[in-house]
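What follows is a set of structures for review.
In the two complexes below, subunit A is the common chain; its partner is subunit B in one and subunit C in the other.
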Partner chain A sequence: MHHLDSGKIKQLQIFADLLPEEWSQVYPLLDHIRVIEGEQLIREGDRARSLFIILRGHFMIHYRDGKAFTLNKKGDIIGWSAVISPFQYTANVTALTDGDVLCIPSENFVELIQGNTALGTKLIRKINEFINSRPHTGML
Partner chain B sequence: MEKFFHFVSQTGFSNIEVSSLVMLVIGLFLLYLGIAKKYEPLLLVPIGFGILLVNFPLSPLMVQPENGQPGGLLYYLYMGIELGIYPPLIFMGVGALTDFSPLISNPKTLLLGAAAQIGIFGTFLSMLMLGFTDLEAASIGIIGGADGPTAIYLSSQMAPHLLGAVSVAAYSYMALVPIIQPPIMRLLTTKDERRIVMEELRETTRRERILFPVIGILVTGLFLPESLPLLGMLMLGNLFRECGVVDRLSKAAQNELNNIVVIFLGLTVGAKCTASHFLTFETILILVFGLVAFAIGTATGVLMGKVMCKATGGKVNPLIGAAGVSAVPMSARVCQAVGQKENPSNFLLMFAMGPNVGGVIGSAIAAGIFLAVL
Partner chain C sequence: MKGVEAILHYDGFTMAVLGILTVFAALLVLAVIISQLHNAVTLWENKKLYLGKLRRLFSPPEEPEPMPEVQYFDDLNESARQFKLLINNMGEPFSLPELIQKAETVGIAHAHSTISHLIVSNLIVPDKNGYYRLNHEAYKRLS
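Take a look at the complex of A and B:
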């Protein structure tokens, strides 16, 4: 995580409203993951242990019924099942190109919300914005 | 040859008894729950290991000092429980780790924490009727608060001979919160109630968050000084967190000190679970009535939630009442999970933290009342 620019990551939509002291609690929880073309990031039915934020790359979200779409916007989130009961991924996600994502483990995320409810409220509000912007895609 | 037989006579094989074997199995079972099932691992692992350490035949760990010989390691560490040191230190860690904002911004949720303490007093009366002394009954009833440090503190002060069973029961039920609470919550609420989305909490100011522990300690000190060891340390830890000028102390209370005390507390609680203390009919009663107390606490919390739901015209989701039993942070997460099953975009976690903190305060007050009155 150290080689990523904290200031640039802070500008991502999900973190944009955080105060400096709130950001200092979130930043250490983020892991940077490199993905390669064709890699399966999320498997449908697996326990949703992490929430992902796209930094770079194209990702295909595909459902069992054949529906699929792609995401490539920097700051878009994937895998919000990590914060929604029953905490199980509801789609597959495959990298169409090499890319980079940030990862927040679900457990750390819940601890963060409980430890600082104002911060938790801001993050949940942002996640809801993402969910509402993709109304037909299920929970992922 | 004689030396060989002497050596054999000093091994566990020659001295093992059935009761010790049973305790070893219980210790291993708690380790299994902690490691494989991840039920309260931070506590069940040291408790389970502590049970193993003291139940081997001829184990020297809990031996008292005698004839100039020093006592066992766990004997000295156990002083931290006997003298009432560890639970208040744990409370300081809880205070430093916990955000009181949900309670400050919605003080009504303190009522949910108070309602969930009814299980404590109901069980206290039941145990009196079953022939336990008032001190024993209080120690068993406090399990209903689902607050391990409070249960240990009260039991160590009032009925030390029940400490092992009370603490194992308290922590076992805290570990089983995700299994025990949801059926009760669903039974007492309708689907529509569980779907209620609560209004966003207002943001609290830094001044409010600093004043809360300060005023809290003034009120406690004047009204119920017996609660000061627990609530005083809870508020001190929270003041460390919120005042913004002692970050190092706050971090120490949250991490290093808290972790060290958790190790000592868990090990020595386990060490108190020797066969002679634990394998008794009383232990079975404690486990059964501890569960009853906990279930009643959950139910009364939810029922108070329903009352608040009606009184506010449906603005309070009654599920958050279940978090009033304390069991920080698990019961708040259970509220979140049960609520989300009905409405996936609903986030109750932040709202459940209000009664959760209220429950911690409520159970410490209940302990203070017992200490003051009995």
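Take a look at the complex of A and C:
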């Protein structure tokens, strides 16, 4: 990644409370992924290897029973199963439009959270805020 | 020549002092290495992180990429008309993935982004239970 403006990404809600030294640990873990319309970002049942943060685009979270929810806010988090046991995606995510997401590999993210309690608490609290603000989307 | 005289003659005291200094210097270096071992271990464990930092330090700064906004290229009126026919056929509330599938089956181009356009334009609205409805009021206003 790192074609993206670190300052702008730091302003995303999930990272907003991080101290500069904490941000310097998180930033190298971020990857920028460009997605195209119709691309499936997450497949239900797959091992949750990454957490995604929307930078641009409209995404549909959909389940086997036909239910679906859409997300298009910058900073919205997709794939929080990547930080919650049993680390398995519980829904499908498809891009409705071309878009950009930040990708954080689950392994590195969990390692970081476990290695730095203060940083881990801040990030998990933010993720919980997202989960609580979107109870209808389920534990993706 | 014997004893202290011989020692002085052959720079014995200087050599002894140099020897002591050499040994102490070596011990000091060893002590520093041992005291920093934990940092070396941390460096090794986080080598990816530090290598990334190092790489960025020596690589020229990259220009931040401009992030284009989502753009829609479909004619909203025409899309709404086409999707209304499909929704009428499916019944309401309907499943969004199913609508996409049907749109693709009947050959509507860019079904995903068209549906996104209809959602952001408030022509297709969620029913809060995971299904969707056509916003008939908004559709009438469009017509």
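The rule is simple: the second predicted complex is superposed on the first by the 140 of 140 C-alpha atoms of A that agree within 3 Å, B and C clash if a C-alpha of one lies under 4 Å from a C-alpha of the other, contacts with A are read in each partner's own complex, and residues count from 1 in each chain.
Simple rule for what comes next: a contact is a pair of C-beta atoms (placed from the backbone, for glycine too) under 8 Å apart; a residue touches a chain by one contact, two chains touch by 3 or more.
Just so you know, these numbers come straight off a predicted model, no measurement behind them.
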item	value
Room on subunit A for both subunit B and subunit C (clash or fit)	clash
Subunit B versus subunit C as contact partner of A:4, first or second or both or neither	second
Subunit B versus subunit C as contact partner of A:99, first or second or both or neither	second
Winner by number of subunit A residues touched, once subunit B and subunit C are compared	C
Partner chain(s) touched by A:120 [first = subunit B, second = subunit C, both, neither]	first
First, second, both or neither for A:84, with subunit B first and subunit C second	first
Which of subunit B and subunit C A:38 touches, first, second, both or neither	second
Touching partner for A:62 - first (subunit B), second (subunit C), both, neither	second
Complex contacts: residues of subunit C adjacent to subunit A	48-49, 52-53, 56, 62-65, 67-70, 72, 95-98, 110-113, 115-116, 119-120, 126, 128-132
For the subunit A and subunit C complex, residues of the former touching the latter	2-5, 8, 24-25, 28-29, 37-38, 55-58, 60, 62-63, 65-70, 72, 94-100, 108, 136
Parts of subunit A lying in touch with subunit B, wherever the complex brings them together	84-86, 110-111, 113-118, 120-121, 124, 128, 131, 139
Residue ranges of subunit B touching subunit A (in the complex, touch as defined)	97-99, 101-102, 200-201, 203-204, 329, 332-333, 336-337, 340-341, 344-345, 347, 349-350, 353
